[in-house]
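Given below, in the form of structure tokens, are the structures.
One chain, chain A, appears in both complexes that follow, with chain B as partner in the first and chain C in the second.
Here is the complex of A and B:
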């Protein structure tokens, strides 16, 4: 892994706090989208288009600069529960389930966005979260392809005034192509509050807390759901040995991650950086040697 | 609910249709009452003398489907407050109609295209959301399809659209005087609704055919 990620959290010394995160238990998500609205209200995110998608009740479609929480709606002809043999347990002639899942920035242990940011706008907070500082970000966009989840996104507001969304009173200047993403409500955490989405969630599908404790809680919840034969119950991003070193915001899903539009095996792209540099050096050396040989050969 | 804070099953006085709860079919129901020969609530209030508020003749082929209305979490009542809030409007930005895949096939409705929903009162248009969630009703050996409508849209706000309440009739429950907004009959057709005079002709034409048959 890159040096930046390795250094955390020692860089904070005595100021380091326990690592905070989200456990999003999608088995109790009711799809109310209160998280999306609370997030936008607190963080003063602009409205980003009145577009009806026809994708069930999901009109947000994806995470982006103007959507830091996204509730996915998936309609399936699958039963909610299965028996031990994998057959339908309920006497349900036409099995049907409606999956809902509130997606968010994963606040990875090894964060690609953080590794590639040339300005230092992206930083690791004392809570172990990853935050973009809007007064430092210069909009270079390196972090956008560095995120294995497609979370990082540049904000583009319409240049023509007639296309502009309703003015938000506290946004003093026109936003300008900088990158915006979930901060895990860094300002609220500083004040000892939980993030806006977790606060607004009426079913506690979004749980906020110390990551170690959340992982324990998630293990127990998974055990319970599996004992009750819930179809496809699995944790996503809980494993600290995965390609991004585990998520700071992880999930309990009821089907494979792909079903929710999540990558099944995310890997931080900077993982291969040293190998790539070695390969480049080898190639450069080979080119030089080849060129030298060509001259030597030419003389002969 | 009574003054003592309890709900009563046996209510000796005060109810127009007491003293015991029972089942009646809605005014426009395509089914007979499975309990006894009295189909709909005999105490319901009807506006017999309101020509602008006609009823679909029960069982008419012109209005073969059941239509029901409901709320979405993103909007409040008919949307008069929430349709003016950008954060809520962007989450449910357009009026839609939910139909089962079988009904979509039957009426040639395409997902995300437009459909027109018509009753004896009016016709509105909505985007089509084909979904397994709206299941057909299977009763007395018959299958009747349902049409699902959120009722949050109207003519003003950040998002505008067909008002499901335009389709409602005024047969009122006797005690609370609320119209039967959850159970009506309708027809659904592909495409947008006619405009202006053509809309009136479309709605009255259908109603006249229903009354003749």
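Here is the complex of A and C:
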């Protein structure tokens, strides 16, 4: 597993690069959404309708084909800090905190989307990231339900004519049959630049770098926040032994993952696949035997 | 129930969510897909029925199951191509063979099965190249059972709770449903005195499928409740009603009356189609509610704080 989480050197040989990723430290996110905007600008992602949700400052709501960064906002009657015994700090008489977190594709070590893709459109780059080759994708849609985080989607454009977006270069105005997701700015990485969202982040809540180094940095940051008694501080997706082999893009959260709309214990669907194939073969054999049994008793 | 702060109260369980929003994306598959499961099942199980009839020298049953299977083997791929976001890129399915992708494996199974069954059917019609025809029949029979069962694993190999947690039962359920469908359609097109094996396959397939459906829903626990709700629930009840009535009709009168054979076969077919749709819709329903993701995951991994 640890060999896989490095840089996939087997397939890339001399071209292999260190595994790159994001560490999103939500404790310093200010909810400016510069990451969302920078991502849309750089990757020419169409606008997908303007709505007011009434869900704090979040009108993006979820990751999808047209939103590769999504800032979540959560207003809570919870204290920002707890005292050493785990109780509410006395300073917070009426506790209130406002959590913000910029979500993104996790670029899993064991990526369900990549595993199930039947065309090879989804692939592992030399940086260890997971990218869709849009000229190969035939829109079968298998990766969409295979992602334990609900990241990938087909591009659905607004149905009402008045919501139709401006025509964009390369993309046009047609409903797109293919799937889209964060590429970790593969084109920028190739040119030696950091991804657009990390570049635009004014507080360095989104940190880009070599995954090994990011993990060390995250461990130190968590240690500091815990020493300062921050309420609920935890790393999410940092552990290489979790159900997806660790995330290439992991997080420091201030509450449980499900509060941010993230699964608490994601597992790659292909984890049990060899057992599933054996079961499929046995069921196929049983189908054969069942049909053979139907011939007992003659033709009438 | 979703409260203002996004916490959800399920029966006896407290959980939190992000404004009650789904964690997973619903599948983007169109109605072609459950129809494909149905026709692919008919193609796969008909191939087996065909060879059994050939071996037992039941020529009417053999010929007609061959043609039924070959027709279903044409309809199936057509449905799949139509479902693609980019149908003109259908051939990209054959760029690679990926054992990690049941859809890739299934595309190759379908290619082999469809190629073999249609070769055999054409040669049967022409009455030519008998050795090639026999070889094609054998290949199609070998590809048949995997074609009937892999679709269960195709949907189980996703993050959709009601499919993934049913990974033990789904290939068996789809195999049984395919057998019942192939038996039922052959019963409709073959005179009763030649259709004994088809009738027994239909009735046996229905019995197995009903038992497997019960087992699956029971073992799913909390997530299994989607089969009692909404479209999945309605389609499931229609399926049960049709398959039980059809199988009863086939078992009681299918041997004597052609009309009963046709009516019973049609009822079983309708029921099996409804079953595929019930399973399909259940997946969408379980993706829509975050509790089916959070509660089972929290049961295996308690919260840190």
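Operating definition for what follows: the second predicted complex is superposed on the first by the 262 of 300 C-alpha atoms of A that agree within 3 Å, B and C clash if a C-alpha of one lies under 4 Å from a C-alpha of the other, contacts with A are read in each partner's own complex, and residues count from 1 in each chain.
Just so it is clear, contacts are C-beta pairs under 8 Å (C-beta built on N, C-alpha and C of every residue); 3 or more make two chains touch, one makes a residue touch a chain.
Predicted model only: the values in this text are computed from it and were never measured.
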| request: Name the contact category of A:31: first (chain B only), second (chain C only), both, or neither. | output: first
Would you sort A:227 into first (chain B), second (chain C), both or neither based on which partner it touches?
neither
Larger residue footprint on chain A, choosing between chain B and chain C, goes to C
Overlap of the chain B and chain C interfaces on chain A comprises residues 75, 77
Given the complex, residues on chain B that touch chain A span 72-74, 86-94, 96, 111-112, 127, 129, 131-133, 135, 158-159
Residue positions on chain A within touch of chain B in the complex are 30-34, 36-37, 40-41, 47-52, 54, 56-57, 59-60, 75, 77, 94, 96, 98, 165-166
In their shared complex, chain A is touched by residues of chain C numbered 5-6, 15-19, 21-29, 44-45, 48-49, 52-53, 56, 58, 61, 83-87, 89-90, 92-93, 95-96, 98-104, 107, 144-146, 148-150, 152-154, 156-160, 163-164, 167-168, 171-172, 174-176, 178-179, 183, 192-198, 200-201, 204-205, 208, 255, 283, 287, 290, 293-294, 297-298, 300-301, 303-305
As the complex stands, chain A meets chain C at residues 53, 55, 61-62, 64, 72, 74-77, 112, 115-121, 136-142, 144-154, 176-179, 231-232, 234, 255-256, 258-266, 269-270, 272-273, 276-277, 279-281, 283-288, 290-295, 297-300
